[in-house]
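Two complexes are shown next, each including chain A; its partner changes from chain B in the first to chain C in the second.
Let's look at the complex of A and B:
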């Protein structure tokens, strides 16, 4: 997957499972303040990323993410490791 | 301290509020359906159920809805209706931060639909892989109470109770008792259960579910009738707002009925066989606690679920306490058996009967089973003086309850 594909797939996953609209999904969007997501959502996001993008994200690294841009980067990094 | 009802909420197979439920009862309606898709389940012989019509809960924030199963959603909706009738809006509830209000609600188990999904995934993945963070919050025993509290944003004492078909009547009786002790000013009491084939499985396994009338679903639930063939599962939610008379009066809110007394009394005899002696003891204890003789009761709302033994045992118990002159009916012919919701729903219907001075008869009761005691079982709705009602609910494990409610004095 290239970075654009990852951005699209992560955004689809967020819209599908967290009732977010596309206009809110910016790389600068902060999880808590801008997207209204919390710790339970973060746990679910890991499950959805694995199920829908087939990417197993490192939990410790995921703890550090604060923005959607951080998620794109992390998923991109993990997907590269897989290949 | 006297306890009264100031708000009622009902989500049933007959409609999404108290008015729709009661109108359906007056019209002798029934929404029991045949479920062809249940035929895929090995060993299941009962394919009947009464679903609640579709409802909208999207107005709740996602972070509240995400841990709600269907039963929690319905319990939230019935609670909103009950609070509204008691002149309390959601904004006011969110300001509650007191030890004087108690929430007490429950269900038979956590959501059966979500339990099935949870364990299916657990077995498929040979472990917890893939479980969402909210999965357990939908299946835990106190899911309904916790989710209603979350939906309301309530900060107050809360208890969860679970006694299957007696759940909401237990909640109401306990709430009433605690109000009478002076410990609380207001109790939000109720119960909910959702329709699922596993509920039919439970009753079918012990040969208590209806396995006939598949071509005539609306005639399938027929309490006390000689052709009855077992109970039909349904779903719903009931919420009752109970207040001390002083608190209701201080708030200037309408009192719909007074809760005179209640009793719960266990069998300790058999897990599934109804025992007339315990039923009798429960009704006597309830009368004693309400401080009234049997002759003052104008109507008995029977639990009668249309099982072969339960209806006979209850008729015998009623006959031994009340004789043969007090009108009796069951609402399971209209509503099916909504399990944890039914006690509250039948109490609400009883209050509406008092308001309307009429008795709703048992639907589908054509010819009374000769094995039932010769009590006064109504086959047609009747306009009658109804000021005091006793309502029974019984559950597996010998969980017997009786409640007495009266026109406000």
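Let's look at the complex of A and C:
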């Protein structure tokens, strides 16, 4: 999967599950301040990411993410490791 | 209307342990139970003067200084007469088609027993059990360690039992013997976090006890203390609605029309049941996730008695596995298949007041036709009774083929996944609630905190399987209200004193 495909998949998941509109889904969007997501939402997001992208995300690294751009980077990095 | 600090929904072990911890910390607490008997799966019943346990068959970690004993000491529960030790030198006999091995309350003995069968693998066996011990010690709510290492915890909760087994041995027969306790959490080796399997295994490696007068006597002892500390228990109060305002539960309503209000609500019932009341207040991200979580397998139980127990050594349980492959150990097929595993509880030769149970993993779909009938209708339904008898005969025949003398067995009753569902509110009669795979545990767990700000969830159906697991999860949930660190430190002190003594 290339980076664009990952961005699309992550955004689809967020729109479908968190009812976020596309215009909010920017790499600079911060979870709490811009997307209104809390730590429990982050757990749900982690599980959906893993299920939809068929990757196991490094939980310690996921704790560090603050923006959507960080999520794209993390998932891209993990999918590269898998291949 | 009285306002409680905490209303607890359900009266299983996790709920009662939560109630005890909270009332000990001077919180006003009430427990709401839908049935006429408290205890959830700890329920026991008496028929023809013989007592039968439905879910609580044996417990680990009850020797002085061990985690369950420490927790009960902390809660001031008098333990005299509640429990009796099973055979420490071999409490579980695991019968596989080509070999048989005994697990003992002693790591060295168990390693030696296994090494006798798997001579070339003795080093791997020792290293595996060393790792079990090490991992169990890292579990903060098991060893009561408030200074645990988060990264290590993540690792043991993100690694499957199968992955761990593969690092020690590739022999399916040995892997099966090491993974046998998947029966005690209901999760396949490829899915269960090694942390859970290690705690379940370690808890039994130090001490194993049966319940002298059944799980009900244990529950009664806990409830006496709960009430003495000011706790209130309301029976036959089935929760039917939760009123929500600003993501907070304002009122709990029961079927009898009563309302209960509290600062906090703790739910010990199945997560799918509790969230069904507040579904419209939850994001799709959570409800989609919840809907996709599968259940642990259910079970079918034959209650009865061997009039002649000569075939069985006293104070030992027997497991009869059909396959010698870890991915088949707890497989559930169709009603006509030979069961993958048959559990036969210890004949209690201390007295004859308690009967025996024979348990196999089962599925609700075997009994789909009858799932909407009430208990009395089912009792009088010829086809339902017939399928139960057919399955029971199959089980007994399988036991006979494994050399068990079944001539003196007398069946008293047979319960099915429908019975489990009706008595315990578990979805499809599941034995351990949700399937406790890596996807649903550890950092990915559904609780204790929830999207409803004053709702905590607890219990084996949500957090950690088994009776010890239920107790641990009660402790964990209460930690959110009174501080997990101070709670663990109090417990650690007791544990330390008891281990020294």
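FYI, the second predicted complex is superposed on the first by the 83 of 83 C-alpha atoms of A that agree within 3 Å, B and C clash if a C-alpha of one lies under 4 Å from a C-alpha of the other, contacts with A are read in each partner's own complex, and residues count from 1 in each chain.
The working rule: a contact is a pair of C-beta atoms (placed from the backbone, for glycine too) under 8 Å apart; a residue touches a chain by one contact, two chains touch by 3 or more.
Bear in mind that the values here come from a model prediction, so they are computed numbers and not experimental data.
**Student:** Are chain B and chain C a fit on chain A, or do they clash, once the structures share the same frame?
**Tutor:** Pair status: clash.
**Student:** When the two structures are overlaid on chain A, which partner does A:36 contact: first (chain B), second (chain C), both, or neither?
**Tutor:** A:36 contacts chain B only, not chain C.
**Student:** Between chain B (first) and chain C (second), which does A:47 come into contact with in this model arrangement: first, second, both, or neither?
**Tutor:** Both chain B and chain C are touched by A:47.
**Student:** Show me the chain A residues, by the header's touch rule, that chain B contacts in one structure and chain C contacts in the other.
**Tutor:** Shared contact residues on chain A: 18-19, 40-41, 43-44, 47, 50-51.
**Student:** Where on chain A does chain C make contact in their complex?
**Tutor:** 16-19, 40-41, 43-48, 50-51, 56, 59-60
**Student:** Within the complex, which stretch of chain A touches chain B?
**Tutor:** Going by the criterion above, the answer is residues 18-19, 36, 38, 40-41, 43-44, 47, 50-51.
**Student:** Going by the contact rule set out above, which residues of chain C touch chain A in the complex?
**Tutor:** Interface residues on chain C, with respect to chain A: 151, 154, 158, 283-286, 288-289, 292, 439, 442-444, 449-451.
**Student:** Quick check on the complex: what are the chain B residues that touch chain A?
**Tutor:** Its residues touching chain A are 62-63, 66, 130-134.
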